[in-house]
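See the structures that follow.
Next come two complexes, and both contain subunit A; in the first it sits with subunit B, in the second with subunit C.
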Partner chain A sequence: MMNTICKLVAGCLFLAGAAGTAARVNVVATTADFGAIAGAVGGQFVSVTVLAKPAEDPHFVDAKPSYILKLNRADLLIEGGAELELGWLPPLLDGARNPKLAAGQPGHMAVAEGLALLEVPADLDRSKGDLHAQGNPHFMTDPENARHAARRIAAGLAAVDPAHQAAYAANLAAWLKQLDAHAAVWRQRLAPFAGARVVAYHDAWPYFARRFGLKMDVFLEPKPGIPPSPAHLAEVIATIKREHLKAIIIEPYQNRRTAETVAAATGARLVDFAQYPGGLKGTDGDYLALFDRLVNNLAAALAAP
Partner chain B sequence: MKVRLCWCAAGVAVATLAAAEAPPADNTWSNTLQELNALKQRTEQLEKQVREQVAPAPAAAAGRAYMNAGFDVLLNAGWSTTPDLGLYQPGDHDPSQRGFSLRNAELALDGAVDPYFKAFANLVFKTAPDESTELELEEAYAQSTALPGNLQLKAGRFFAEFGRENNQHPHVWDFVDQPLALNRMFGSDGLRQNGARLSWLTPLPFYTEALLGVFNGQGGDAYSFRNPGDAGPDGVTRLYGHATAARDLRGPGDLLYVPRLATSFDLTDAQTLLLGASAAFGPNDTGPDARTQIYGLDAFWKWKPANAGAGWPFVKVQSEVLWRDFNAGADPAASLPDERLRDWGLYAQVLWGFTRGWVAGLRGDYVAGNSGASAAGNAQRAEAERLSPNLTWYFTEFSKLRLQYNYTHVVANADEQAVWAQLEFMIGAHAAHKF
Partner chain C sequence: MNEAFQIMLWPLVACLVLPGILIYLGLHIIRREIIFVDLALAQVAALGTCVSILLHHEAHDWQTFAWSGVFTLVGAAIFTLTRPRERRVPQEALIGIVYVVAAAGALLLLSRSPEGNEELRKTLVGDVLLVRPAEIAIVAGIFALVGLVHVVFRRPFLALSFEHGRAAGRNVWGWDFLFYALFGVVVTVIVHLFGVLLTFSFLIIPAVCAHLLVRRLAAQLAVSWAVAALASGAGMVASFQLDLPTGAAVVCALGLALLLVGLGRGLRRRGRSVAPTPPADGP
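Right, the complex of A and B next:
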């Protein structure tokens, strides 16, 4: 208890100190990909808080009361939208009572707006699994969509902090240049595997597959959000064996043991993937470093004999 | 889109026919038909391409309707050693009889009213033992979205924010029934009234919210307050043996006040603690100056690792302690003096989500009261304890199956054992859960 009280007092002092230094734009991002880009584009003028932990399932984040406070004090909220945060963001916003983050205000940004999402269901029918009415929300797995996100985030920052508009524009240009350079390498690295079929646990990677000419249509989940069943896994194993598929991508919050079983039964390799910077070690706060790792990990598995 | 394509196809067909008429050489009907068929095929091909390229508009989507609607049903089935469950399962949404019982089918509606309010309404259907249906307007309230000063106003009919479980809906509960202590203080259906509540998010560096609810405090849903109780064979209404008389509001002091303070800390990235202190003050119907005070403390702790998948694994611990001081007015006709009925109760529960979709739980319940002058009142306020292990299987977020065993001991009554299965299924919008 004493320890907690000490921490609280220290926290108060720290906050008081932080408030004294500079009026940075308080940015809250729901996931670490937006947080990383906001940090790169905002630079010294922003202070970024990310709600979901990098290795956490973004569909099932707990609406912790501490997040209410973070949102209460935010100048800009960046969410993915397209229902990714539907299960936890609304009650947080209710509690936060921050007029800057009201729907339609410049302080509340949904990055998915303006993007053509994949897999928009023709009809809403939950017997097909837990579908997203507005399309697959894992759009940041396509670096081209990260370009869109960076532009939108720069515009969002300029809207809430017009004084530093020029700095945001310059940072954006610099980051996009880096993205271009990295993306050229990624394309080159994966080019030899065009058309390759890759197995995934959850259907989170259609954008990645489309960008790099891969086919990701075999999933350990029988339907989105429905846990793997033995019968379905047997089918997946048969497909992998029949087509000699080489890679099963697995994310930190997915059931690794299930994926390991499938890998052991088929000889396919497990490839560590993560959607969010920090989800793989050494990629904290860096979208480009994360994709370097994803591309290298996947290319290594696909190149295996 | 389809209509336009058809017109295009028709146009192309007519043009082709016209063109075909020009060179009269060896033109036959069969040629024309062949051409038409080819065109038809081509049109179908194009239509197919267009369909594949352009994603169809979704039938409905979040943010595309002015109101979200969800319908959630809890069906109980099971057996108890005693057929008369009133004493052992006092909650209105608890399993109410041997065999099947359906005590909670709720239609939940919510949406933004305008830029200043959001609204929520909950209509609950309950089936009685004779399988007739009761309908109640459980909640209907508006909540402000644009008040300055970190304030928020809620007004309408709603569950008072007292403790943790009182304002949770049954489908959020971790057990098939409500804790005995809550039933003792708030009756069978929770502390729920017409009224208003103001909340303030304090400027402290950790989450701290102060709330004050003001309610009428009347009827069975304000059980310990201006509640007439049940009518006896003589037509006199009594609560805990004391005759009651309806009291009108004589002033603001006769309203029910429910203050609450809640605070929360993230102990680590994986552990969060939520603590609260609540109270409820108001008059009761057993005398012109009779009043009731209820106090409560609640604690909730949750562990969920930073790489949890679909919300699993986790451990949740939750406990509430409640005290009540009920001043019962003198009832000379029944030779009952003016007396203070003091009750207290607590429950503690632990839930372990051990593997995706599965949760094992254990709850202990205790409730007791001092001895009053009325034997009937004492029977209603008997000391009781209950132990409830359970196991829940969440098929998805939209359906679950729960199996629970209850061992209940009520002083001066036979011990009760019951096994309940509960199936939940919901359709429509699934409202996000609070922490």
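Right, the complex of A and C next:
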């Protein structure tokens, strides 16, 4: 009697274990943009977890024990690379002790590899203020780089799960087609504003500006992380008034009151921006929906009289 | 369970081993009524780090350690010189002033540095969940040395804190300076691993609990250590089970421990005052 019960229990456990592990590839993405694309490319064969919250500054993620657990159980880790996650990911990986995610393993990929990044310092001289020695890591603000990311993520999935390679390739092709369709609309919406100067709180959007022919070189922060000084703000306000600039980009984790003050003093509009799907309401897990919103918000502000 | 153990092992080891010296220093700090001196010294050390960054050293260069060390000594000198001889201005006021001026000074310096704030934030504030075994070993070594100095020279140190310097002899200034310098080293090092909130909590809360419960120094030490260990364990379990940020969970567990100690003490007092019924109004 006891014996049969033991066998039954063991059998059930085995089945449950098999169903839980064999079915899906466990993907951990550091930020929501990679998570969204991994979900689109992986489809039913992957289960995706994202570590940084969409509205959280990806340079400073508050670690929680569950992050280590998730990394411990992951089959594939997708990080941006280029020092974006430098402050918090390495110690979490130390704690997770997952050999699949060791550097150089197929289970650990950095999307930035193979991309030409902007703002790569010519020489590593601290005095010039190189926050990122390998270039600006916010490359996903250019939809063309999302194309690169999707290709790399599909290749990464195929490497850890060769059985579903064909499905990943098909999903990739479908997503790239969607991206092309959306990108055509984005270009068209922003085309009338080519060359327009846009104010930003923080220098996080050089890729976006380059792609859509905008000039983003006026920042509310005199330097990354330094609160705006009165003289600097006065200068920004004067520039906005002189050139009739219309839009100030602000992200969820930036100081909104400063931006509101400048907007009130100049008549420029605040434009809600976010780098990660979910950072604006209604864009959860959808890179394309996020960029639809960004482009529409910005176009509306720039079109204002 | 095994997974929990694996993940929480080193944070727990850090919380059981490293606060030992913090707890002891906390007893001193409470007696001296200089509760916020740790925050002020940590901020002065951070000011040294800012100077070093402004001189284009990397955050982990030896020059940076040297600069923050020198500034810690300057902070120690300031607090030694402001030791209250006459109670015109409470020392807490000066401590608060040193804190805000050092913090604002750091902002001023960093506004001239190309890296700005981010570099500093990355290096100064740690997270107990992310401690590495090697870091624990190094910090434990430093603390052992500091502890040794405190054991060897316990007489003047204890006299300074607990008897207002009466028994310390002539060299009050020298001992006071050494006390603050060692204290600055401990706080600066531990903030790198634990962050500001957890460091402050380990320093103050167990010592307050001990002061509420017992009188003798040895007993106070024992009670503080027990409170710190129990709260660390409880905080770790809560952090893992409910998936909360680990440092903040331990801080709240320490706060809860103080609440329980306070309640227990209140009940005991009431029990005492109620038991022998006052015969005043009785017939």
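Assume the second predicted complex is superposed on the first by the 275 of 305 C-alpha atoms of A that agree within 3 Å, B and C clash if a C-alpha of one lies under 4 Å from a C-alpha of the other, contacts with A are read in each partner's own complex, and residues count from 1 in each chain.
The rule is simple: a residue touches a chain if its C-beta (ideal position, glycine included) is under 8 Å from a C-beta of that chain, and two chains touch if they have at least 3 such contacts.
Please read these numbers as outputs of a predicted model, since none were measured by experiment.
Undergrad: Which term applies to subunit B and subunit C once both are placed on subunit A by superposition, clash or fit?
TA: clash
Undergrad: May I ask you to decide whether A:Gln134 touches subunit B, subunit C, both, or neither, giving the answer as first, second, both or neither?
TA: First partner only.
Undergrad: Given the touch rule stated above, what does A:Pro91 touch, subunit B (first), subunit C (second), both, or neither?
TA: both
Undergrad: After the superposition on A, what does A:Ala102 contact: first (subunit B), second (subunit C), both or neither?
TA: first
Undergrad: Tell me which partner A:Pro252 touches in the superposition: subunit B (first), subunit C (second), both or neither.
TA: Touch partner of A:Pro252: subunit B, not subunit C.
Undergrad: Please determine whether it is subunit B or subunit C that touches the greater number of subunit A residues.
TA: Larger number of subunit A residues touched: B.
Undergrad: Name the contact category of A:Ser229: first (subunit B only), second (subunit C only), both, or neither.
TA: second
Undergrad: A:Phe60 contacts which: subunit B (first), subunit C (second), both, neither?
TA: Both: A:Phe60 reaches subunit B and subunit C.
Undergrad: What is the contact status of A:Ala303 with respect to subunit B (first) and subunit C (second): first, second, both, or neither?
TA: neither
Undergrad: Where does A:Asn72 make contact in the superposed view: on subunit B (first), on subunit C (second), on both, or on neither?
TA: In the superposition, A:Asn72 contacts both subunit B and subunit C.
Undergrad: In the combined picture, which part of subunit B sits where subunit C already is, 22-30, 58-66, 238-246 or 418-426?
TA: 418-426
Undergrad: Subunit A residues touched by both subunit B and subunit C?
TA: 59-60, 62-66, 68-69, 72, 87-88, 91, 94-95, 97, 126, 130, 225-227.
Undergrad: With touch defined as at the start, can you tell me which subunit A residues reach subunit B in the complex?
TA: Where subunit A meets subunit B, its residues are 4, 8, 11-12, 15, 53, 55-57, 59-60, 62-66, 68-69, 72, 83, 86-91, 94-97, 99, 102-103, 116-118, 120-124, 126, 130, 133-135, 225-227, 252-255.
Undergrad: Once bound in the complex, which stretches of subunit C touch subunit A?
TA: Per the touch definition, subunit C meets subunit A at residues 3-4, 6-8, 10, 56-58, 107, 110-111, 113-119, 121-122, 127, 129-130, 132, 239-240, 243-246.
Undergrad: If you look only at subunit B, which of its residues touch subunit A in the complex?
TA: So the residues of subunit B in touch with subunit A come to 55-56, 58-62, 112, 115, 118, 143, 145-148, 150-152, 201, 204-207, 209, 262, 264-267, 269, 272, 274, 302, 304, 306-311, 356-357, 396-398, 427, 430-435.
Undergrad: Show me the residue ranges of subunit A that touch subunit C in the complex, using the header's touch definition.
TA: 59-60, 62-66, 68-69, 72, 87-88, 91-92, 94-95, 97, 126-131, 221-227, 229
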